[in-house]
Amino acid sequence: MTDHYDSIESLLQAIKTNQLSVSDAKAELNQYDELGFAKIDLHRSKRQGFPEVIFGEGKTEKHLIKIIHSLLLHEETVLITRINSEKANTIITKYPQLEYHATANIVCTRLNYIHKTERQTAIICAGTSDLPVAEEAAVTAEVMGISVKRFYDVGVSGIHRLFAHIEDIRACNVSVVVAGMEGALSSVVAGLVDHPVYAVPTSIGYGANLDGVTTLLSMVNSCAPGTSVLNIDNGFGGGYNAAMIINMLEHHSKME
Amino acid sequence: MTDHYDSIESLLQAIKTNQLSVSDAKAELNQYDELGFAKIDLHRSKRQGFPEVIFGEGKTEKHLIKIIHSLLLHEETVLITRINSEKANTIITKYPQLEYHATANIVCTRLNYIHKTERQTAIICAGTSDLPVAEEAAVTAEVMGISVKRFYDVGVSGIHRLFAHIEDIRACNVSVVVAGMEGALSSVVAGLVDHPVYAVPTSIGYGANLDGVTTLLSMVNSCAPGTSVLNIDNGFGGGYNAAMIINMLEHHSKME
Amino acid sequence: MTDHYDSIESLLQAIKTNQLSVSDAKAELNQYDELGFAKIDLHRSKRQGFPEVIFGEGKTEKHLIKIIHSLLLHEETVLITRINSEKANTIITKYPQLEYHATANIVCTRLNYIHKTERQTAIICAGTSDLPVAEEAAVTAEVMGISVKRFYDVGVSGIHRLFAHIEDIRACNVSVVVAGMEGALSSVVAGLVDHPVYAVPTSIGYGANLDGVTTLLSMVNSCAPGTSVLNIDNGFGGGYNAAMIINMLEHHSKME
Amino acid sequence: MTDHYDSIESLLQAIKTNQLSVSDAKAELNQYDELGFAKIDLHRSKRQGFPEVIFGEGKTEKHLIKIIHSLLLHEETVLITRINSEKANTIITKYPQLEYHATANIVCTRLNYIHKTERQTAIICAGTSDLPVAEEAAVTAEVMGISVKRFYDVGVSGIHRLFAHIEDIRACNVSVVVAGMEGALSSVVAGLVDHPVYAVPTSIGYGANLDGVTTLLSMVNSCAPGTSVLNIDNGFGGGYNAAMIINMLEHHSKME
Amino acid sequence: MTDHYDSIESLLQAIKTNQLSVSDAKAELNQYDELGFAKIDLHRSKRQGFPEVIFGEGKTEKHLIKIIHSLLLHEETVLITRINSEKANTIITKYPQLEYHATANIVCTRLNYIHKTERQTAIICAGTSDLPVAEEAAVTAEVMGISVKRFYDVGVSGIHRLFAHIEDIRACNVSVVVAGMEGALSSVVAGLVDHPVYAVPTSIGYGANLDGVTTLLSMVNSCAPGTSVLNIDNGFGGGYNAAMIINMLEHHSKME
Amino acid sequence: MTDHYDSIESLLQAIKTNQLSVSDAKAELNQYDELGFAKIDLHRSKRQGFPEVIFGEGKTEKHLIKIIHSLLLHEETVLITRINSEKANTIITKYPQLEYHATANIVCTRLNYIHKTERQTAIICAGTSDLPVAEEAAVTAEVMGISVKRFYDVGVSGIHRLFAHIEDIRACNVSVVVAGMEGALSSVVAGLVDHPVYAVPTSIGYGANLDGVTTLLSMVNSCAPGTSVLNIDNGFGGGYNAAMIINMLEHHSKME
Amino acid sequence: MTDHYDSIESLLQAIKTNQLSVSDAKAELNQYDELGFAKIDLHRSKRQGFPEVIFGEGKTEKHLIKIIHSLLLHEETVLITRINSEKANTIITKYPQLEYHATANIVCTRLNYIHKTERQTAIICAGTSDLPVAEEAAVTAEVMGISVKRFYDVGVSGIHRLFAHIEDIRACNVSVVVAGMEGALSSVVAGLVDHPVYAVPTSIGYGANLDGVTTLLSMVNSCAPGTSVLNIDNGFGGGYNAAMIINMLEHHSKME
Amino acid sequence: MTDHYDSIESLLQAIKTNQLSVSDAKAELNQYDELGFAKIDLHRSKRQGFPEVIFGEGKTEKHLIKIIHSLLLHEETVLITRINSEKANTIITKYPQLEYHATANIVCTRLNYIHKTERQTAIICAGTSDLPVAEEAAVTAEVMGISVKRFYDVGVSGIHRLFAHIEDIRACNVSVVVAGMEGALSSVVAGLVDHPVYAVPTSIGYGANLDGVTTLLSMVNSCAPGTSVLNIDNGFGGGYNAAMIINMLEHHSKME
């Protein structure tokens, strides 16, 4: 629960040895900025390697600005997902250090401020209608410092499109597969690569697609080992997982 | 409704011109053998090109024997699906002109009595556990006079197995794709061939497979044109449709 | 995967014998027009007998025009489904060789430019509210060169309407049955004809219809052999399958 | 709540005028036989025209005997549904005035003790596997004094079987349609008759049948007016409703 | 299939004896008015006791007017359900013999032109939000000539409201129970009356109501005998069934 | 059913002893104000400790005013839930003794008129998007006279936020946990406190949340004893239950 | 997290002031008995007022004995649910201080060792088949020291059975309503009492009951305030909640 | 598709330069051992870093032995999941280099033959009933060469059990969280660690658990970033993914 102290034991020890007052110890358990309507989790970047991401949907412009203000004050990277163009434009006018990615519906710290890894994640999607979710994944990974290679419109029903790119996909370290009608795509990719595949079902489709539930279950059901599944339309989750893996690889390779 | 007469009009005309008595006309509408517990549809072979198929599940040995007796009396081909080995063995002992296909759970007229077409249907399945459904499709097609080519264990997660056989599959005129965990297979096949693909989901699997419902919906949801879907575990339906198409091709090619 | 060459073997042989350069061989695997936002599958007409069909929903006017441009450049037949009247009108103003079918929500190559088969498919629907899906099926078949006979408003609850037309339906080679509230219709038709029946459930209805899922499952569940099922509202799929069968019949009858 | 007294008002009046003591009035609200493990509703035959029916499933032999004893003591007709052969045989050995209907899984007062109506209900079923539910409906109606006409194995996929009997079905006053795989049957029947149709879905089937849920929803969804639906496998409910209607017709026709 | 002739046999006999020409016989099977976009079933009033009811949703004003014209021409009673106020007002301006029931969303023949039965149906509903469905049931019954007694806002959670009216409900011959959140109501009513209860679930509610599916299943699941269930929001179906029963009672009571 | 009289027996006794006339006794069963479109249950405050709560959704301004009028006339506390700002503003302009809680979508008797308990209920919620449901719970409890302590934005994925407040939560006597995406929260809370936990799932979320059904089932499924579950978005129910418990505690503690 | 210490603060303070060693503080966080295959939560009786309850299903006899041994060693009350008769009999032979409740499938500390409250909970169930779940609730409450009053077989379809007991039910402080086919029962009870109602759906039933899911959703959906819902067949949960409320009432009434 | 050759291009080049014969090139596409009933994918260990894993359920002893024989012949590691004790015992008697893990239902190469990584994966499970799935995950990871640290019985409803171990869990590089009734556990863990969390729902539970579907959806729905989800009961998938990540870390850390 504590970051400063490596374990509960060391925190308790610190109190005992008077290195830490009781009120400071208690403060350690209150590591967020209380904005009244929300509590910004400021220790998350220490605890989990990346600051709290803001889910923009349903938040007012005023609330978003307060949150951004608090994050920038603590010099955190900003990542707001599911934000519409209207709110986005107001925000980037106010904060020139942020930029708006329209297809991805994301406002974030300008990507050219961010140092990128050499290792790459592949973002693969089946149809042009899955683009917003794929881009949410891609920009999320980029804002977290990961190089991204996009493979869009490479569906299963014309499988040669996928094969034309398979070597490039294999050269990446993680794949995020985004698909609505073609749940099969994650199975096919996972059968052809030897790295982790994150499958992101989308709600794009009609009829038996059941707003993405069929694709979700079908991806979960796939028997290609090395695949795991995110929530419907959760491009952010796909990008976040991919970034976490690649950051770990970078970190561990430097460790030795 | 009538087969002898091409249309209701011609039947009515026949009554008027005294070529057909009223009681005979009425009989035309009663074209089945009343066994008390069931009515055997004896005109189906005329009406739909193949005699009534018997769904064996839940029927007693005694009932099955009465039905077979009625069918053989009218020189019809026999096809009983979903029959267990115990009942099957009693029946083939009694009727040496029939044989039992254990994996397919089928009792039928001996296949070597049946003339086969030159045109072929492919029966493709993803895993060894889908074999019973695939064999139900295969034997159904064979008893209907169709040559069958089996492609078993060619799943999507090791897609090169499928590609090794793709030319042979393309040489067939119809494909029946049977799959439980790998609903993706029908999409992939349909994207690689230019003939009709019948997708048969199976209930084999676990968890998110939901007894085949996920696979069914996922196959229905596929965007590869040329695919259509049968009920879960309905191997018979797959074989029947394939046979109907190939019989039509044979028939029309002889017509010209 | 290759069309020019009948099999992988022949392609490999061609490289070996210097008939095909390595880069050409590789090109064979890249048979699409890269538009940036999409990849047009130009070899599909060779591989599957008909060029890539464009699903119009969610595509911008600008994207649609680029795709049409690419297809016309390669002298392909154009078929865009699920397109609204506004986009449709802009397009047909720009491309006079195309026309707009309002009920079907389709823009396609003018039908009077297309040679039609003598063999026919029946398009049968139960209620006036199912018309858009039925017309999507009908126009799809027509743009693929098939003669279509429409039987609309012939539902099960007034079954004599259907019987009045049954001889005409039997004279066709395939039936596409489109129904929302009356899933029963495909069972009844399949029991009366001896050709393939494609059942297309629609989302029209209310309450227990569950946006077409009940009708879908009920059609899948039907025990009339010779039926197979498409996705909810997938009129295109029904028309495409019907066209594929009839084109095969035409092709095979000419072959002998 | 009271039967003796036509209304609450008359009961209250009876207390006031000393025709009814307070304790008797209270007793009127306790019209059941308390067996400890169950309360037999002895006034139901007065309140609803037929005594309480016993759902046999899960009840012990000992409990069933106590219930029968209580019912016979009050000279009520006995009807126990969902009872297996073992318990049934013990009971009919003990009570010779009862008989066991094996297919229907019913133990009841001997049917030849019961006077039957002239008006009839039709019990229609699609397949031999639906027989137990159809018989539960038929015997329920008979034990309630209704004449029953059975039309079994008249499914939709061979619709001429149904038409051969349609005049006889029309001659009945109610139809109970029992079907598992052929939910369509109730729609077709309701479109051909002018009396109430009770649709009883059964759990017989496989795959997309979803243990009868598909058939239930599909029957509910039917647009043929005059149909209403019972629970899956609820043959009893179908028979009970049919009997209630016919008893009302008999009663009202005698009233005038 | 024929109404003029009591059975197929009598029709066939009529042809034979020259009382009926072949073309007239054929015409008997085509008993509808072909409007191009729809076929009006003009013999339904003979076949099923009431003319075809028009489901207004999704039909254009122009189409509705053509249908009304055809019905009035044949002197049929008009009943159009699910019609919005705008279309309704245009229609009643044009046809003064029709009237608009706003809560019920119905346009129909003026009710004061219609002779009503003495026997009554009860229409019972739990909450004010279920009123439109309850009124659809009530007006449907009234236009079919049935006297209706309304019991609105008598839910289960304040059950004394229901009890205050129970004697009046018992005096009716059928009950239609309309409920969205209170599926329990049909059970409670069915346990207190001795006539048929038609349960109409509504989609009114939120959360676990699942747009009426929970209420539908819960009503189907009820163990009160004498209940049967209609589709969600199908007030028309409830009124139609009630009317059919009461018309039968009237008819049979006059017969004797 | 009666409140004045402690039991049916005492009411019957009262009639007998002429303390109560028959018509008055009958009136006791009719304890509501008949407004035509609705029946206001005026005895509920006696029967259940709080007057009838009005569900505002779908009710017209005119109807709401009539209901408020009737409630105020009988000096009842007013609580209207699910009311939009437009109707709310009209009402509070007209009735200055009422006030509008915008986030909670509630119009009620001014809270500062209401005496509050010392014992408190905790209202806990996971995300800012769950606020409207949490506030519906909070204001409901307050209008029922309960002191409320709010713990908002204390989700599971940053569990230290919850722990920072756990002692304050334990000091309350009931917890209402409101959560959409974090169904886990009710389990975690219930494992840390020794008082009743009411779990209110919300429909806030996307994809696999299935409009709150996943959260509902997941909360029901939780194995932390002491939890029970309300309908999706039913903040009112959570507040009502909490208030009922605390009122019982107050009442019983005063009793001894 | 700690029980000895009222809050984290007091525990931290205790370390600081040397009243508590670091290792003891850490031990406070490890309050369970590690049995290898399981961890018995020994502080739960302090933390939540009752020791850890053992879910017997799937646990071996050997494991159960180890757990009982650990509990008895710490003088805790024993409550094992979902245990079959075979394992139960071995255990009560070994531990004479325990007893077996066969209908409830419970082994627990002998009830006559346990002091009972004066306040009572009502356990209400609709059908004899719901008895095992009702008894699980009843015995759970009793072993937790609560007096229980059972009202069995008081279903909605014969609602006078319920009314005959309503005064006794009202005299209790909590009601637990257990019902499978009659989800309505909890609504009806909640509308008649002014105390908390815990609704426990059971999986008993068939067809549209969907193994209790329909009843669960229907109970959740009920609009009678004061109801909250437990998992399907979770009699334990019902009894536990009831006991918690009554223990709170006892405790608070003694406090003042 | 080829492993020997880094890309299709290099394979084609090899043919051209006569380094590879056409038949050898074709053989490269046929990299499996054809056993008749199955095709063993022998190149998977090259293609994906681990040989084909055998799903034991439904395979006969004879088939399993043939597969093991083929794998051992090629010196592959053996891993057979979902195998019962009977078949397992026959196999380990025959192949002493294999061993049987009873709780995990796994037969595999003896673990002490396998070199383990220093980096560890945590396998965390909530209840003793989830042990088989947790062990399937653990043994899978171990047979793939990964060190495993087990944290069993650390559920959410007694969350201090989890906190007592949190530092040890954080010291691992991946967590696999296995839970049936406590879907919350994966959220809580993911909120406390900064490495990937694989959530494996199990089908253990009852009622609203819906055979694991509720837990699956609830885990997918969780908003803790860094979580991804496997199929219900897919312990193998959890172990495989964890192993893949840790192998990548080992591999990359050695690379630099």
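Worth pointing out:
Chains: A, B, C, D, E, F, G and H, in written order; residue numbering restarts at 1 for each.
Heads up, the rule we're going with is that a contact is a pair of C-beta atoms (placed from the backbone, for glycine too) under 8 Å apart; a residue touches a chain by one contact, two chains touch by 3 or more.
No experiment lies behind these values; they were computed from the predicted model shown.
Contact with chain C and chain D alike is made by B, E. Over half of the residue numbers found at the chain E and chain G interface occur in both copies, marking it as a same-residue contact. With centres computed as the average of Cα coordinates, no chain lies farther from chain C than G. If you lay the C-alpha trace of chain B over that of chain D, the rotation comes to 90 degrees, to the nearest 5.
Chain B and chain H have Cα centroids lying 39 Å from one another. Note: centroid distance chain C to chain H, computed from Cα atoms, is 42 Å. Measuring from the averaged C-alpha position of chain A to that of chain D gives a distance of 60 Å.
Across the assembly, chain H contributes residues 1, 8-9, 29, 55, 158-159, 163, 192, 207-210, 216, 220-221, 223, 225, 231-232 that each touch 2 or more other chains.
Against chain D, the residues of chain G that register as touching in their complex are 128-129, 131, 152-154, 158-161, 163-164, 204, 206-208, 210. Those residues of chain H that touch chain A in the complex are listed here as 1, 6-9, 47-50, 53, 55, 163, 166-167, 173, 192-196, 198, 216, 220-221, 223, 225-232, 236-237, 240-241, 244-245, 248-249, 252-256. Taken in their complex, chain F has these residues touching chain H: 127, 155-159, 181-185, 187-188, 190-192, 205, 207-210, 214-215, 217-218, 220-225.
Within the complex formed with chain C, the residues of chain E that make contact are 1, 29-32, 37-39, 41, 44, 52, 55, 57-59, 63, 201, 203, 212-213, 216, 231-234.
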